[in-house]
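Okay, so chain A shows up in both of these, paired with chain B first and chain C after.
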Partner chain A sequence: MRRCVTGLITVFAIASITFLLFRLLPGDPTTAMLSPMLPPDERQQVRAEFGLDRPLSEQYLFYLRNLLRGELGRSFARRRPVIEILGERMPNTLILAAVGFGLTYLLAIVLSVVMIANINTWIDSTLTAICLLLRSPPVFWIGSMLITFLAFRLRWFPIGNMRTAGYPETGWLGMYCNWDFAWHLALPVFAVVIYELSFPLLLLRNAMMRHLMSDHVRTARAKGLRESTILARHVLRNSLLPLIASASISIGLSLGGFAVLEFVFSWPGLGLTIVEGISSRDYPVVQGAFLLMGVLVVLVSLVADLLYAALDPRITYR
Partner chain B sequence: MKRAVNLAALVLAIGLLVTQTATVSGDDLKPVELTVLYQSTSWDPIRNECGRTLTRTWEELGITVKAEELDYVALSTRIMKEPLDSFSAWIFGLVARPEYLDPDIHLSQRFDSANVGVDGTNFSGFSSAYLDGLIRAQRVEMDRDKRRSEVWAAQDYATQEVPMQPLYHVQNAQAHSVGRFDGWTSMIGYGVYNVWNLLNLTPLTADSTVRFAQVTDIGVSNPLNYNNGLTPDLMRLVYDTLARINTDGVPVRSAAQSWETVSDTEILVHLRPGMRFHDGNPVTARDVAFSYNYFNQWKIPEFYTVAKQVQGVEVIDDLTLKMTLVQPYPAVYQTVFAQIYILPQHIWDGMVEREKLASPLDWSCPNPVGSGPFKWGYWRTGQEVYLEANTDYYWPPKVNFRFMIFKNPEAVFMAVMGGEADFHERRLLPEQIAEARKNAKVEVTIAADFGVYYFGWNTRVLPGRDSLFRKAIAYAVDYDFIVNVVLKGYAYKGASFIAPANKYWSNPFIRLPELNLDTARSLLAAAGYQWNSRGQLCYPSEWELREYRFGDAPQWPGQPSAQE
Partner chain C sequence: MAALATWTSRSLQRQVRVFRRDRLGLVGLIGLVCYALVAILSPYITAYGPDEITRDSDGSVSVTQPPSSRHPFGTTNMGRDVWSGVVYGTRTAFIVGAVTALAITALGTAIGIISAFFGRWVDELCMRVVDICYSLPLEPFVIIIVSFTGPSIWTISFGTTLLMWRSSARVIRAETLSIAKEPFVEAARAIGASNSRILWAHILPNVMPISTIYIAIGAGWAVLVEANVSFLGYGDPHAISWGRLLNQVFVTGMMRHAWWWVLFPGLALMLFVTCIFFVSRAYERELNPQLKEL
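Take a look at the complex of A and B:
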């Protein structure tokens, strides 16, 4: 219950801060929508239509009132309910995040076991070095390089977008459940894996190293258990706890970085919606998107806490 | 005691000496400081580099420049909103759109003193009764040649006073695919993204869908929403207009088969027979009358500026109407006839009440129905728009049209180079032109553009308020560097505000001075400016605002007059 209340307060704070933050950005939203040659009276008409001529306090109260009713307002540029726009874009980001992070953490687990099984050998050193190297460049550079070499030069993957234009399928299943979508998803997921892999991998490796030296592992060895069983059941399982704790923070931070990735890959997701909204000063869309991201991070954090409790019987929540 | 007195005398002497030196060296004068606004690199690397070039050159003259790099929205707001004295100069541009071919938009929006002020389009705040007179005269002058002489005189005067100075006019370079379609047709200001191209293209393979790559989605499918020009470019394919601008920028008949001028303010229009909307209903004069009244009634932003020129439309019969203008308007065919869509009255009449909306702009219009050369297929937001050829159109296209969205310019370029798209809208950067020319699968077309990229002075504040300062700094623009280095030769030096590519209206005698810092310094010195001991340019010690006399506009030394 306390977690829920904290979560609600967090969401309210995010809503208020984003409202104020974007109103402080320099620039009048009507200049993004309309030609700079527009006469003042026509510009004023548009401003009045969106309530931009009202005092800030009045705009804020109006915004809070709508929020309590579950409305995120109407986009200035697209003149559609924000919730509709975000509803179209959010699944695209969630799918990219789920597949990207899912593969990242799976690979992290597999590779960390390989590294621990070959600890202090050239395999361990090489994988560590590769990890650190892959983490060094920014994610947009990784994305651009993948597009340049694998898409543009070699034509193994598409330049961007989610589907090949003109696809015949309709509906949600038609949109996402086919090879064309998977083909378009591959490069952005690859970029996520390359960029995000090093942190969970090295974290897990170090945690497993500590557990290798622990008493319960020594006992398991003394009992005559196979090394693979010791690694999987005793070392890995205990090492997952710090990984889960950090995962919620990592995923939360990374969702913000998806704006860059979605821009590079022309992926029509939430991050790209934020970029478009900021450049066109489409306040309602950006406020709604930030609020949604905040809610997602709070939810991911809650799920992480629950998973933690499930994995570690010593942990209980009162 | 004697020592103290001597010391005090020594200090006093030194102080007097320093003061005298300062007075003699100009250190008590006020240095000229400019706040210059220009685009950030991410927004426009070309204009950003132009801003840096100007800054460097002006600093050589001893001017202290504070540069602010802003995105488009922030910059537009700064030059339109209070405080209007927060900047000294800015860099901006007017892109080439067919509706900007008529000179009125350049002259009245930029220079008419009626447009000075908050939200006004005369960003420099420049005010001249003489220029106002010329601008307002040409706006209602129906004699084309007489109008041109007024337009030329206005350009000449504006160039002499330099409240704004054109920097360059680009050459519009675009790439399109080779081997898939024949009949590529370029249009002034638009390149190959124009209706004539789509009407002329013939498929050379079994695939008859031409693919267009663009950075920004249309945002709305309601034709009444301007959305910064993105929506009208597409909606002109779906909706017809009485006239269209042809590839040379001249209005030609479209939905109107013919028109006759009854008087300076009355035009009789005869519609093309047999036209139908995409849902099968016939296009009649009543739909045309309804459309003009609708745009006026709801004051649809961007279109209202044009629609309000129409006082009324009278339906004579199914295919004939009489349009009455508020005043003589020489640009009527270019703007009023070519920009207002023919809306189906049976759909739009009463729509606001049916859908319970506050304004027709709020309607999502999920399936736009027009009478243009293309029918609306579908719109997958953020991904693509598909239009089908309207085979019932008087000039039926042989291709379908797919508008694909790639969210960044590099992806658009790669899509065309890699064969995922057939053409694009945004012009190629100079370095991309070289790469495109090496690609056998694409062809590069380059055409002169009538857009204008310029820097302007805020004439509300010093030093921009001083016409002699502006005239001196006119010699401090490195055009060679901008054209040959920044734009790698794919541009030509700024001339008039009405670009030379706009052949009929551009004054061919306009010549802006070449870079010459010595001349700039001489002119500044003659105007009373001085340099202090630190090399900073300073305002005259006894400042007086220079006035110019109308009809006797001073010229730069050695410049030919427009009449020569």
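Take a look at the complex of A and C:
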């Protein structure tokens, strides 16, 4: 319960910071947004339309009231409510994130067991070395390499976007459950997996190492349990808890990186919306997308905390 | 002052010990020294300027050529030498990394210590702010800042610092809390040392080792963020950086042919950040031997 309240406070603070960020920085948003050719009286009209001529405190209250109603303003460039644009784009980010992180963590679990089963052999040390290297390149470079080599040179995958141009879009199922979509999803997901894998993998491996040397595993061995049972039930299971704790932080951190990832693959998600919005100076859209991303991060950490509490009987949240 | 002097000499001895023990850390350190040499010697190891339009012997511009003996990393669509770009990019990486890392660590250390030392509502407030900083998406935040304040390595560095002090603040706070419970702090308080005396003479020197780790980690992150932001097209137009080289290959659509233009700047970036992480890992293991296995 307390956790939910702090989550709400954080969301409120993010909303306020977003508001301040777009208004206190040098320059009136309209000077950046509108063409300098516009006559001054029309500029005033636009300012009035968006409530920019009123005092800051009044604007702030107005903004908060609109937020509570789910009203995020209208896009300058597309002449549509921001909420509609974000509603279209958010599922794309969520799908990419869910498939990407799902595969990453699945692979991390499998590989960590492989490493632990072959501990201190060349398999273990090679995988560790690869992990240490893969921790460093930025996600956009991994994406660019995949595009250059797998999409352009080998022509195995499309170079970007979410579906082939002109692909008939019919309904939700028709849009997301088909081979064309999966084929376009493959490379971005691949990039996420490569980029994200090393952190949970090394973490799991080290957690499992610690458990391997602990007393309860020695007891299990002494009882004559099979090695595979010990690994699965005593070592892996206990090591998953710290993984969940760190997953929330690492997923939250990498959501910001999705802006760059989506940009490389022209994947029409929230991140690309922010990047495009900034370059076309479509500031209500940027503000909405930025806010939504912040809320997503808070949600992820909240879910992880609750999951952690549910799995670990030692922790309770009041 | 005397405390600072002993701290410096002791920390120098520690540096030597850290890298004698950790093989990968030594590799990272040697790598960074090589990069530093490249940065310093840039004009002497490149045949062309990073912005120079190079020409073949017959006078035509060397447009998008694959690696050759004249251009070891190939050329761009404007006939620029990719090797020169990568070499000069090292300078930008060092500047951005060092400036941002110092700013992040100074801010994080200050807030961490203040938060732990004054406790109660100060602590609560600082930690809420840290939570908020953790929830704001980093790259979008920096490009918003940069788009308002104008693209330059300083504004990128500023935007990065505004958010990234969060992790060092959290760790330094925890460290300060545990140091403040140590008997020697209690003893100092018992003989009547003032708050500021305790802060400067007892707590600060003891959290310094952890701060140094965050300088290293922060430098790695700063270089990555600069690359990300530059790649998105908000980089400093006057600085040659690896991120900007990669932005140009993406924007011009040359990723189709010019694999060398994609590969080498990214490789330079990856190895640079790897070296930094190896060094920071060596420090971390020195301070926290439980991490030995990693």
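Basically, the second predicted complex is superposed on the first by the 280 of 318 C-alpha atoms of A that agree within 3 Å, B and C clash if a C-alpha of one lies under 4 Å from a C-alpha of the other, contacts with A are read in each partner's own complex, and residues count from 1 in each chain.
The criterion applied here is as follows: contacts are C-beta pairs under 8 Å (C-beta built on N, C-alpha and C of every residue); 3 or more make two chains touch, one makes a residue touch a chain.
The structure displayed is predicted, hence computed values, not measured ones.
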**Request:** Examine A:Ser144 and indicate which partner it touches, taking first as chain B and second as chain C; both and neither are also allowed.
**Result:** both
**Request:** Identify the partner contact of A:Ile274: answer first if only chain B is touched, second if only chain C is, both if each is, neither if none is.
**Result:** second
**Message:** Looking at A:Met293 after the superposition, I want to know if it touches chain B, chain C, both of them or none. Which is it: first, second, both, neither?
**Reply:** second
**Message:** A:Leu133 in the overlay: touching chain B, chain C, both, or neither? Say first, second, both or neither.
**Reply:** second
**Message:** Applying the document's definition of touch, where does A:Glu88 land relative to chain B and chain C: first, second, both, or neither?
**Reply:** first
**Request:** Have a look at where A:Phe263 lands relative to chain B and chain C in the superposition and call it first, second, both or neither.
**Result:** both
**Prompt:** Now for A:Thr10: first (chain B), second (chain C), both, or neither, which partner does it touch?
**Reply:** second
**Message:** In the overlaid three-chain picture, which partner chain does A:Ser57 touch, first (chain B) or second (chain C), both, or neither?
**Reply:** neither
**Asked** In the superposed view, which residues of chain A touch chain B and also chain C?
**Response** 25-27, 32, 144, 147-148, 152, 263-264, 279
**Prompt:** For chain C, which residues count as touching chain A in their complex?
**Reply:** 24, 128, 131-132, 134-141, 143-145, 147-149, 220, 224, 227-228, 231-233, 243, 246, 249-250, 255-257, 259, 262-263, 266, 269-274, 277-278, 291, 293-294
**Prompt:** Contact residues on chain A for chain C in the complex?
**Reply:** 6, 9-10, 13-14, 17, 21-22, 25-27, 32, 132-133, 135-138, 140-141, 144-145, 147-149, 152-153, 202, 206, 209-210, 249, 252-253, 255-260, 263-264, 271, 274-275, 278-279, 286, 289-290, 293-294, 297-298, 301
**Prompt:** In the complex of these two chains, what residues of chain A are touching chain B?
**Reply:** 25-29, 31-40, 42-46, 49, 77-80, 85, 88-89, 144, 147-148, 151-152, 155, 158-163, 165-166, 262-264, 266-268, 272, 279-281
**Request:** Using the touch definition up top, name the residues of chain B that touch chain A in the complex.
**Result:** 70-74, 76-78, 80-81, 92, 94, 105, 109, 115, 117-121, 209, 211, 219-220, 222, 225-229, 299, 301-302, 304-305, 358-359, 361-362, 364, 381-384, 386, 402, 404-408, 410-411, 414-415, 417-418, 420
